[in-house]
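We just call them A, B and C in the order they show up, numbering each chain from 1.
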Amino acid sequence: MFTEILKNIKEKPPLVHCITNYVTVNDCANSLLSCGASPIMADDLAEVEEITSICNSLCINIGTLNERTIQSMLAAGKKANELSHPVVLDPVGAGASSLRTSTTFDLLKQLDFSVIRGNISEIKTVSQGTGTTKGVDADASDVVNGENLEETIAFAKKLSQKTKSVIAITGAIDIVADSHKAYVISNGNAMMSKITGTGCMLTAIIAAFCAANPTEILKATAAAVCTMGLCGELAYEKLIKNDGGTLSYRTYLIDFMSKMTPELLMKGAKIESR
Amino acid sequence: MFTEILKNIKEKPPLVHCITNYVTVNDCANSLLSCGASPIMADDLAEVEEITSICNSLCINIGTLNERTIQSMLAAGKKANELSHPVVLDPVGAGASSLRTSTTFDLLKQLDFSVIRGNISEIKTVSQGTGTTKGVDADASDVVNGENLEETIAFAKKLSQKTKSVIAITGAIDIVADSHKAYVISNGNAMMSKITGTGCMLTAIIAAFCAANPTEILKATAAAVCTMGLCGELAYEKLIKNDGGTLSYRTYLIDFMSKMTPELLMKGAKIESR
Amino acid sequence: MFTEILKNIKEKPPLVHCITNYVTVNDCANSLLSCGASPIMADDLAEVEEITSICNSLCINIGTLNERTIQSMLAAGKKANELSHPVVLDPVGAGASSLRTSTTFDLLKQLDFSVIRGNISEIKTVSQGTGTTKGVDADASDVVNGENLEETIAFAKKLSQKTKSVIAITGAIDIVADSHKAYVISNGNAMMSKITGTGCMLTAIIAAFCAANPTEILKATAAAVCTMGLCGELAYEKLIKNDGGTLSYRTYLIDFMSKMTPELLMKGAKIESR
């Protein structure tokens, strides 16, 4: 199912423009390289339109947004929309401050996003302005589990219809949905929440997968989510074997990203469609 | 002695707001996660008060300060003071430029800090504006050793009285003092100065330990200093065994932080009170 | 040939002021520490002149330039020139946007650089404003190979004459040239392009090597290029042995930097002069 998706990245390595936070920017750059893409980070208003024009997709991450970079996000996003480049949004901490919430709303109003990826609290904020976001982690009361899975799938589909974006809600169970179809993905490992940046890296990788597969946004996003989750599982196995800790885990995670193959992914993907 | 301190972090994982430098920000975030806390980095004036309000402590690090973020430090600090959240200062490079020194003085005048952590040169600058800081490392002429230990302890206690802050002077020998009591800690390894960010990470961890133990600031700070130093020792043992270099050392350091237990800490802490 | 160069770094550890991008800044800091130097990152206009004054060299990297930091680069550069400190330029992505190209030209007009290091596309932009830069990687049509080596050497020498700077063009084959002499270096490994920051790290290390050897800029630059390339080779051997991926590769690269000796370098250097 994902063989073509991955092949397209290796064959036409996409260049991904990231306007992202300074906490995890290095991990995002290395993740993009590890999956076969090339990153370029540029956030000055004077160059973002030009930079995004030479790229194949744009990744906007509001993790350390500021007055200056918000303007750059809007300008780059408009240019990318104009050029029909995939644009992916990571509304980090939406709901945690008025600035994050209102910026998220501004971005959604002014730009068309191919994909919006966040934890359930952030995506609820995207939808309603009512999620209770505790910092940059999902709030416990929001967690997707067996009991509210159907409800959350319906919510994701509806939000996709409203936003015209593929919605990726990630957590213990991941949901990737457009208005018609949802994938439920159960790859991943709890250790992924013990290092910073797994969400940011995933969003960057989604931008790469979509850049190389612009007519298959839903499938490309699902492939990226599966890939990241599977790398998280493989990294955990290696961690246990080597008796390592959290920073070793990050190393293994990106290592496995760089060694992922269509075969490995097809064998390891835990995905079903709804 | 530190069992309760560590238990409180695991039981009520604190959320730590960091306004910090972009050099070591990723290491700070991963250190916080590794010790059981959650980081949120936010530095725009429009959101720092709100962000600090949902957090349990605030860490201010001036390592790559600029005009914009200095304002954010002051605003966040005032709000955190208002809410009685622990606020921790890392005056990186105070003494190395007028901007760093005057910003440090402004912060000290306008805010109440629970803890101030720096190397001896930085702390001397905090005290007198007379430390000779060579860049971001302590000046050789300032180094704490057997000969000037008593003198330095007295200096730390007096500075604590003056600032109403716990003073943490770190180096080969670490001193953590309030006006009445000082802890002398000899954990640590020289390799810690061969990677960037050990000071910044320690300050972030102090903010986490204090957030979870707001009524035990002195002890929480001492526990954080011991923990970091012990991780530095364990990482060095592993480094020697694996014939690694400096970047492996960082990985091991944070790995051990994520595997620290009250038992390990009690067994390894080299601490005496004066 | 390089024994003295390396010895000078260990004996008089230089302090290197970096105004650099936030993507790879942590790697740059750790690379500088790993080779025996000390980094200080400072980019606020209010302090850059003072900071550069207490340092031994200045490294300017335009990877995530913005309006604010461009002013700081110019101010710091002028002060460093005044003090005759080595100043090294990394024109990241010059040619990829008007802002990067015009900033590169402004820097070249207003400052004297000891060394300019870039990939062939960036250096062509430095020379003519005509390189076709694809993001931050060299364009395939620009790649230095056996066929155009002589031509590229002549180009580098001529550009050195024009700019009065040592020119370092890095890629599969590296060229380090002044107007009279060129070194052709074939150390390195293709994996170095699969992680972010190897170029930035090299530029930072060049600034350290030059700081400790200010009268031997050409040789110091060649030594830095050889060292980095050799570390890339040793890291690759270890990677294969340990079946690692890209992030392990970064760890090994910096690890070997911290373990480099004059003996190892003399044995491994693949360098010839033209």
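Everything below uses one rule, namely that contacts are C-beta pairs under 8 Å (C-beta built on N, C-alpha and C of every residue); 3 or more make two chains touch, one makes a residue touch a chain.
Model, not experiment: these values are computed from the prediction.
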item: Equivalent interface positions on subunit B and subunit C, same or different at half; value: different
item: Angle of rotation relating subunit A to subunit C [CA atoms, steps of 5 degrees]; value: 120
item: Approximate Å spacing (C-alpha centroids) for the pair subunit B, subunit C; value: 33
item: Where subunit B touches two or more other chains at once, by residue number; value: 22, 26, 250-251
item: Residues of subunit B touching subunit A in the complex; value: 15, 22, 25-26, 29-30, 33-34, 38-44, 46-47, 50-51, 54-55, 68, 250-259
item: Residues on subunit C engaged by subunit A in the complex (per definition of touch); value: 21-24, 26-27, 63-67, 93, 96-100, 134-137, 194-197, 244-248, 250-251
